[in-house]
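Next come two complexes, and both contain chain A; in the first it sits with chain B, in the second with chain C.
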Partner chain A sequence: MKVKILEWKSFATWHWDLATSADDSGYVEELCGICRVSFDGTCPNCKYPGDDCPIVLGSGCTHNFHLHCILKWLEQESSKGLCPMCRQIFTFKEPEQTSDVLINLKTLIDGHRVMRERFQQGNEQEFEAFGADQDLQMA
Partner chain B sequence: MSRHPFHRRLLKEYQSLSQATLPGIKLVSNDENLTNFIFQIRIANHNLYPDYERYYLSINITQDYPVDCPQVKFIIYESVDDDKEDSDSIEIIEKSKIPIHPHIYSNGHICLNLLGEDWTPACSIESILLSIQSMLNTNDKLERPPDNDSYIKHAPLDPKRSRFVYHDDNV
Partner chain C sequence: MAALPKRIIKETERLVSDPVPGITAIPSEDNLRYFEVTIDGPNHSPYADGVFNLELYLPDDYPMCAPKVRFLTKIYHPNIDKLGRICLDVLKDNWSPALQIRTILLSIQALLGAPNPDDPLANDVADDWKKDEKRAIEIAKEWTLKYATKKD
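Up next is the complex of A and B:
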């Protein structure tokens, strides 16, 4: 019997390759901790999932977010540059190509670091000043 | 008002909250946009908070939620007792109370780090409810905050605009 193919339709599925879901048990749907939407979906402001609404992988901790969601959080001063899930300082794994938004993210994270360092230095100076006073009194 | 930008997240939170799986916590009302909620809290088996007492918590989701924490306060809720069969009888209006607690002011404002500087988008309406319930549950002091009188005189309407100092980790 000869079969002649008249027409064919192809299908494909995809999902983000996240370190935490790469076990043998198969695909587990994971949600962004900020918008509670699947990583394979989009942040609330985007319409199409995929490269236009990328995922950022945490490198200090194991928490991942939609890039746009974590940007929103780190733009807040109250975030102090911490991961929303575990309150450790948030850093991310840099992919090979860096986009403008990622540069933006990096600037934000660096900004928080500078703020933290300034705060710490301020504390030390106060402490030293206090120590100096003590010495004076002692003498 | 238009939909909240994080409507999908609010919808998920609402779905789990309306199933009433948290013991002692009941969703009393909410608006269509899922930005204003009233919850009823009951504390069981406690010396200071009798079983029949119901406390009402208002939670307002701000436009920047979940990056910004909601506005949360206890309110005096008037419920009309309509159990009476005789419709001519006078309606009994029951007023709820603001629970007495060293971190809850008599105007309903709550001094809780989760509602201020320790908020993160990983927190949720559920986590707020649970921490307030446990805050009441573990309390053994029948008193208001030490600065209650001076605070309520000048308190802003929105508790989020108050600058609380979190100093007491014991209660």
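Up next is the complex of A and C:
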């Protein structure tokens, strides 16, 4: 018997290779703590999982998030730059390899840091202005 | 209306399938970001005999910002004002996207069990509370009988 292959389809599955962070109960956190979507899926703003929507790790703590989710949170004034899970200052773990994707990622993270520093300065000024206003009203 | 984020769908499903004891939260049919909430007054508090109605709304940028929650039932409490607004840190400065509707509602229930007149919102109630706690607790009980739904 001769079999002739007319057409074939290939597919593959993949998983993020994550540093697992287990809490006291030994439960391994596989959901993004912000959007609660599994890390095999994208954040709510992206369509395709993978390189455009990477997972980032904190360097001070062991919490993982979609890059887009944690950036969006850190951009909020109310975040005060803290990790949503443990409320320590959230710092990004520097990517070790230097593929294009990771270089892009680093650019994003640096950009964010600059933005946040500017943002915080702005805040202090606003705060002072607000204090002055109050004095006026009380006088 | 924009599609409902997965997170809100998941939270709602869990609130319905695995409700918190003493708390109900039902999404409105025409706006899934709006919830009708009831909270049982905690035992051993002046609110113990009542069930309180609240409304909860998830703003567009939830979970980046906290849900908006307000008491609809009149309540005598140093951290809840005449309009039902609640003074609770996790609803304001200490919000984190790691919190959820259910953890927020539990915090509100805990606040009923532990009034904090030193961090007031309803100033006159907090003043009364500090001047004469026994009397304030009496009034809180009276208001519970008068305005809240009776517990079954």
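Heads up, the rule we're going with is that the second predicted complex is superposed on the first by the 77 of 139 C-alpha atoms of A that agree within 3 Å, B and C clash if a C-alpha of one lies under 4 Å from a C-alpha of the other, contacts with A are read in each partner's own complex, and residues count from 1 in each chain.
Here, a contact is a pair of C-beta atoms (placed from the backbone, for glycine too) under 8 Å apart; a residue touches a chain by one contact, two chains touch by 3 or more.
All of these numbers come straight from a predicted model, not from anything done at the bench.
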- Task: Overlay done on chain A, so just call it for chain B and chain C: clash or fit.
- Result: clash
- After lining up the shared chain so the two structures overlap, which partner does A:W73 touch, if you call chain B first and chain C second: first, second, both or neither? both
- Message: Quick check on the superposed pair: does A:L82 touch chain B, chain C, both, or neither? Answer first, second, both or neither.
- Response: both
- Does the superposition put A:C35 against chain B (first), chain C (second), both, or neither? both
- Figure out whether A:K93 sits in contact with chain B (first) or chain C (second), or with both, or with neither. neither
- Note on the structure: Interface residues of chain A shared by chain B and chain C, listed 33-37, 44, 69, 72-73, 76, 78, 82, 84-85, 87
- Task: Name, in rising order, each residue of chain C that touches chain A in their complex.
- Result: 5-7, 10-11, 63-65, 93, 95-98
- Item | chain C contact footprint on chain A (complex, rising order) | 33-37, 44, 69, 72-73, 76, 78, 82, 84-85, 87
- Provide the residue numbers of chain B that touch chain A in the complex, in ascending order. 5-9, 12-13, 66-68, 117, 119-122
- Task: Write out the stretch or stretches of chain A touching chain B in their complex.
- Result: 33-37, 44-45, 69, 72-73, 75-76, 78-79, 82, 84-85, 87
